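What follows is a set of notes on a single structure, which appears directly below.
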Amino acid sequence: MRFDEAYSGNVFIKSHPNFEESEAVIYGMPMDWTVSYRPGSRFGPARIREVSIGLEEYSPYLDRELGEVKYFDAGDIPLPFGNAQRSLDLIEEFVDRVLAADKFPLGLGGEHLVSWPVMKAVYKKYPDLAIIHMDAHTDLREHYEGEPLSHATPIRKIAELIGPQNVYSFGIRSGMKEEFEWAKENGMYIAKFEVLEPLKEVLPTLAGRPVYVTIDIDVLDPAHAPGTGTVDAGGITSKELLAAIHEIARSDVRVVGADLVEVAPIYDHSEQTANTASKLIREMILGWVQKRK
Amino acid sequence: MRFDEAYSGNVFIKSHPNFEESEAVIYGMPMDWTVSYRPGSRFGPARIREVSIGLEEYSPYLDRELGEVKYFDAGDIPLPFGNAQRSLDLIEEFVDRVLAADKFPLGLGGEHLVSWPVMKAVYKKYPDLAIIHMDAHTDLREHYEGEPLSHATPIRKIAELIGPQNVYSFGIRSGMKEEFEWAKENGMYIAKFEVLEPLKEVLPTLAGRPVYVTIDIDVLDPAHAPGTGTVDAGGITSKELLAAIHEIARSDVRVVGADLVEVAPIYDHSEQTANTASKLIREMILGWVQKRK
Amino acid sequence: MRFDEAYSGNVFIKSHPNFEESEAVIYGMPMDWTVSYRPGSRFGPARIREVSIGLEEYSPYLDRELGEVKYFDAGDIPLPFGNAQRSLDLIEEFVDRVLAADKFPLGLGGEHLVSWPVMKAVYKKYPDLAIIHMDAHTDLREHYEGEPLSHATPIRKIAELIGPQNVYSFGIRSGMKEEFEWAKENGMYIAKFEVLEPLKEVLPTLAGRPVYVTIDIDVLDPAHAPGTGTVDAGGITSKELLAAIHEIARSDVRVVGADLVEVAPIYDHSEQTANTASKLIREMILGWVQKRK
Amino acid sequence: MRFDEAYSGNVFIKSHPNFEESEAVIYGMPMDWTVSYRPGSRFGPARIREVSIGLEEYSPYLDRELGEVKYFDAGDIPLPFGNAQRSLDLIEEFVDRVLAADKFPLGLGGEHLVSWPVMKAVYKKYPDLAIIHMDAHTDLREHYEGEPLSHATPIRKIAELIGPQNVYSFGIRSGMKEEFEWAKENGMYIAKFEVLEPLKEVLPTLAGRPVYVTIDIDVLDPAHAPGTGTVDAGGITSKELLAAIHEIARSDVRVVGADLVEVAPIYDHSEQTANTASKLIREMILGWVQKRK
Amino acid sequence: MRFDEAYSGNVFIKSHPNFEESEAVIYGMPMDWTVSYRPGSRFGPARIREVSIGLEEYSPYLDRELGEVKYFDAGDIPLPFGNAQRSLDLIEEFVDRVLAADKFPLGLGGEHLVSWPVMKAVYKKYPDLAIIHMDAHTDLREHYEGEPLSHATPIRKIAELIGPQNVYSFGIRSGMKEEFEWAKENGMYIAKFEVLEPLKEVLPTLAGRPVYVTIDIDVLDPAHAPGTGTVDAGGITSKELLAAIHEIARSDVRVVGADLVEVAPIYDHSEQTANTASKLIREMILGWVQKRK
Amino acid sequence: MRFDEAYSGNVFIKSHPNFEESEAVIYGMPMDWTVSYRPGSRFGPARIREVSIGLEEYSPYLDRELGEVKYFDAGDIPLPFGNAQRSLDLIEEFVDRVLAADKFPLGLGGEHLVSWPVMKAVYKKYPDLAIIHMDAHTDLREHYEGEPLSHATPIRKIAELIGPQNVYSFGIRSGMKEEFEWAKENGMYIAKFEVLEPLKEVLPTLAGRPVYVTIDIDVLDPAHAPGTGTVDAGGITSKELLAAIHEIARSDVRVVGADLVEVAPIYDHSEQTANTASKLIREMILGWVQKRK
């Protein structure tokens, strides 16, 4: 992790060398210690950066180039292996600094629990925050086998903090019955199975509001994202996820921060998952960063 | 394999410990010795069970939980490696016992030939049986390079036994010209390339009839099921296959047994195929088991 | 490589043993030395042939069998490793001989640069040639980091030779801004993201014209073709690509040659990419070879 | 985890169904959340059991069969993902019960930190305990980047508890300078690079003493154990490790417990590491269990 | 399979195009249907040939070149999938023809059971035959779970046919107690664990006798041959196996045939096993073929 | 590539941020376009750096730490894909600058041909240069299928430049007969198969002389280095290669530069090859850099 000091890791393609001059900050949250199934997303941020060299800088979807946006890559936040609470504290502290400098936080996971301290920090700055959440899983558990700090709980935590009616989940196809019932009873929006069509309906209702977008790569079908901890059939295509990103870019919401989590490279021999993630990040930079104003 | 005795292998998530009290019986048929291309489906049943621990018990598609159905996992039927005839006899004998106890047989393959003795046993109990067959391949050969016991022949065998007009194939995109011609000449139904739409047309015509459903995982496109012996482009998505299972669940047919075959884990580094198979099995349990009455 | 002499490599299923009697000639161009990202497509042709033994000879899409077309498999053209210019010269020389014998050239890559000398040779025979190009990438660069002989340049080269208005690209989702602008300014057709629908519009305008079709396997989504050098999310399905091949087969264009490039087996553990490629080749043989007259 | 209750996971080949009647207890410690490099050893115990079905029951090295020893497989201890301290407490509690019942604890890791609570429990029972430690790494850190509960610290912890002069490390080829110096200054035995020859010298000095043996699979060269978190060149062969196990079996020490840790299956496509581990466990059962008396 | 007819598969490097003029015949036996553990050796022969193009023709061990020996590659014997008895009959029949033409049979497996009909055929021609057997496993079972035709039985069968005192096994490190006892009681030679040193002792006693050598690739340690069905730790290195081949080449025995079996490519991502096998075949050709006279 | 400018790629662990102040310079030569078999070594340098974060800084072999040596990591030299001659010119030019600044060049390949311009540059500075070459292959060809710039030729080129009697090859186990004969006739030293023992004999004869050491990772057995283009059985262990590096470190030769080439990560799923390479580089830094004086 760095702000101004020298740094020796690899960075996302075309990132700007100076923190102060940048509009957005990319940072990795290499944590995977609370996952209940397959670990490995700690290596997601580094691999996404590494394969970004294969990207074109130009997006034919948005007709913009990476050179049009200044973003700084801060590297990975150094997290204490196996200590969930301290890791979350360090992440929150880091994002506080990014927001204090009025920059767009663009986080790379790591397991989904890392989004919890980020969203908490963003909420401190934007009290009328709404969350757009794309995922295969509800992530609405109170705890997982007794542990309140678990990759299955981040959306529950943020929903309880900012009010469930301000959280919008899309593409959900897995969860406990109790989670779906809790959402229903508490007025939280869940679009099961689909992303693009329900998103088109929701976006106009959020016009003008600050929105944080958290994307779990497993909202994609395993065919499109085999490199993740929990693969779950019946997901959307990468074409649909790209379209969803562009739909948000063309909408009237103010995107004030975003993350992409759960890329676990070891399960994907072809590296298509990391490559797809790096393309999604490019589209998020080109489509969302200027929208926070 | 077990009925009541102690068992030391792994079992499908939430399976019931007692055979007698269960409505359905899961069993593996770890045979792959007649396949003409890539072997390895003998390890399919064990891997499907192993990854089932990653499944949620609740289906947001059907709004039901695994706890609502009692199913017993009998483990794998021990089959003599390389002896096709004896293997088939042992499978038939096992399924006879399951049916005699009036339980729903839910088989895991193994190569597709294992479905032949199962369907034969089911037909003995249900003489007005119809077969719903989802597959990339016709499997209508009389023999394969001289061998009548081959993974390329099971649908021909059952069609000859129960009458070709009682067999409905969906999603077929590969076969010899002679196989398609035989089907046509003998009044057997084949929906080429597609599953869901033709299924919606066929199901009403089978209302009230006992139906056995046999699914070769390669009906899925290789993108969705790389872990199988014969990958063949142009298949359906896992979303479409899930929808097909739910369509049957909501129809008026009586599902009296089912199988899912040809999962070969070694060809799928990400294990998405086994994970998808375990999800399909969950949906089959929740959607079909109560339908045999 | 062979014309009449004895050959000891493997060949595409059902290929005809005699060059003179054949209508079409399959040949490999095992070159990958100018690729900027992941090499390995030199092994594409051999692997496509190897897995072709798993293919059925019959196409249920076209209702034709491989036995109905005579095609000779000439093996791989021996190319000097690391010498791009000499490799291209050898390819052009080979294709000149194929065309002089009035046979349909059906090439297997290898990186996309190999299509450049092929198209040049075809153009010499058919001065009113049009190119149908399916790809994720524009391939319209003048040079790549100073090298004019690069896998990123073949379409630019052929466009400059035969006129940009005679080149039709489909499925493009990646390129530099300058490449898209060059195409626009020079009247070259580019269908972004989609293949089938724009193809249906273009084909009637090419009725009666000689057409060469060059397919980069990465026009497919990485889910359908993980085994390639540059994976890029948001592509089409194998079902759609098959439909595009059949659309051309049913159109009034005269297909006078074709290639399929960029299959790099090492990145695809399940070998679905090579299997898909071999099925595509079968459909190209059955659908296109007779169309050159 | 189980003592007497019904259990539905897979077990090590030929394990005895009854806890009370058994001499030894196999148990898994599926924890990998403090590792600093590659996680995945949580799946080690399950995979070692799974592949044990490929083992012969007879050891031609020791001329004994598994049927001659009664050992119970208790399954994996359920550990709270991401909570290191509670995990260690649960392990210690479990081993306390095993020792209270006077059985030989034979543990499967998981990361090496799991050995710490086991050794602590064994020390409570055997105050004159010595430790034989085979590993590529010293594991003598006080903390790892501030975390005292880390996979890099277990040997330091046990050395401080029982006295460094009672700990014997073999095969060490990696560590910080400070770790080697600490060992030297505190009279702890370290055999660098080699295992068998120094072991032959040490064993007679431990005659009659209770000894706990902890083996990190990475004491093997990566060629022999690629499936582990931290691969480090220059290790010993599996032949040498087998010989070391047999040397202990033939010595006069009293082995009172043992573990084998750090098998991480995902990094080993051939599964040789898990297969080797299951063979090592067989030899440990046949060679060591009876030696605790 | 071919004798004189045209052939379209790949062949071992530098093989001679004419059967009649050749001294030796390479042939594949692509059978794996009786294996009890991991199948896949049916693809061994094809892959060994494929990677042989990477071999140098010259052996610096023997100072000979492949051009000095004429050997014909007959391709794979077409075997009926899943029919063990017919497969063995076809193999025996093929080898009978090779021997009738007075050529050296050099077979590629396939599972080890394929060696049984080969050795039977060789014995018919050489009644004073001795067998040199290098393997991790005894392969001395009478049957495997009731099946007499099993990959665990070929050495028992040949020992019973030619007399156990004429069979010499090396490198054995796995088997049932009964198998070792049977060997001992019947005067069959077994060198446990080691190959080279015991071989040096045995060879002089076989001087002048016709010897058939059967090598199971799993005699190598899994580090050196991960691509095989049953990996078993504690084996020899490839350097030692090469030395054993050369020791035989320099001895006074008459090698009258040989095979190399159990290469299963799918388990070895690096393809080192197939590459090693192709090198071993080269050394066998250069060292043994001329020794049958 | 960088000298003083900002750099955004990853670097070898503990490298010094300043070129001027460093004693040694690490640089990558990501070229693989002339290889005749499997490409992919272009990614070797980047992967070696990436996994270096898993290394300890201390060597228990040499009792030194990385902090004791200042070395700068210049990143990869940007090479024009597919243009061998220009690539070699750029490498030579880069090494000229390193040598002009009186620093130790420590190169990472890339295919072995990259060593040729490096050795040429070193020779210009040290006219009494000797070469120590560890490799499975002679690399003494004049050309490869007509191409003089080939990965099979670098040792021939340097031998012709500095005189064959000044080149010492170790571990050689593959090559054409003509290559071995050329070496013999021209007085070049070749130690077949072995490294350590012959090295011990040669080193004293080179006392005081400037020596460049070039190591092809395939001198290791495939068991120890599966991730390389050409795997060849019968090599040495990583333990032996480490010992050879230490033997040179303790000798009286003046090591004036070195390289490690042919690491091709894609063929090694466990990444043991890259990890081993990074350890070898550490030992080369600690053992050799100070020896150039």
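First chain written, first letter: the chains are A, B, C, D, E and F, and each begins at residue 1.
As a convention for this text, a contact is a pair of C-beta atoms (placed from the backbone, for glycine too) under 8 Å apart; a residue touches a chain by one contact, two chains touch by 3 or more.
Heads up on the chains, UniProt names are A, B, C, D, E, F = Agmatinase.
Source: prediction; values computed, not measured.
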Neighbouring chains shared between subunit E (Agmatinase) and subunit F (Agmatinase), ordered by label: C, D
Farthest-lying chain, centroid of Cα atoms versus that of subunit F (Agmatinase): B
Farthest-lying chain, centroid of Cα atoms versus that of subunit D (Agmatinase): C
Interface composition of copies subunit C (Agmatinase) and subunit E (Agmatinase): same or different, split at half: same
Separation of subunit D (Agmatinase) from subunit E (Agmatinase), taking each centre as the mean of its C-alpha atoms, in whole Å: 38
Distance between the centres, which are taken as Cα means, of subunit D (Agmatinase) and subunit C (Agmatinase), whole angstrom: 56
Computed distance of Cα centres, subunit D (Agmatinase) from subunit B (Agmatinase), in Å: 42
Subunit A (Agmatinase) residues counted as touching two or more neighbouring chains: 221, 223-224, 267, 269
Chain-level touch network, classified as line, ring, star, complete or other: other
Chains grouped in pairs wherever the two touch, ordered by label: A-B, A-C, A-D, A-F, B-C, B-D, B-E, C-E, C-F, D-E, D-F, E-F
Contacting residues of subunit A (Agmatinase) [partner subunit B (Agmatinase), same complex]: 37, 172-177, 180, 192-193, 221-224, 226-227, 230-235, 267-269
Subunit D (Agmatinase) - residues contacting subunit E (Agmatinase), complex: 54, 56-58, 60-61, 63, 65, 221, 223-224, 237-239, 242, 269-272, 275-276, 279-280
Subunit E (Agmatinase) partner contacts - residues on subunit B (Agmatinase) that touch it in the complex: 32-36, 38-40, 42-43, 78, 80-84, 144-147, 149-150, 266-267
Subunit C (Agmatinase) residues touching subunit E (Agmatinase) - in the complex, by the definition given at the top: 6, 8-11, 15, 17, 46, 50, 73, 269
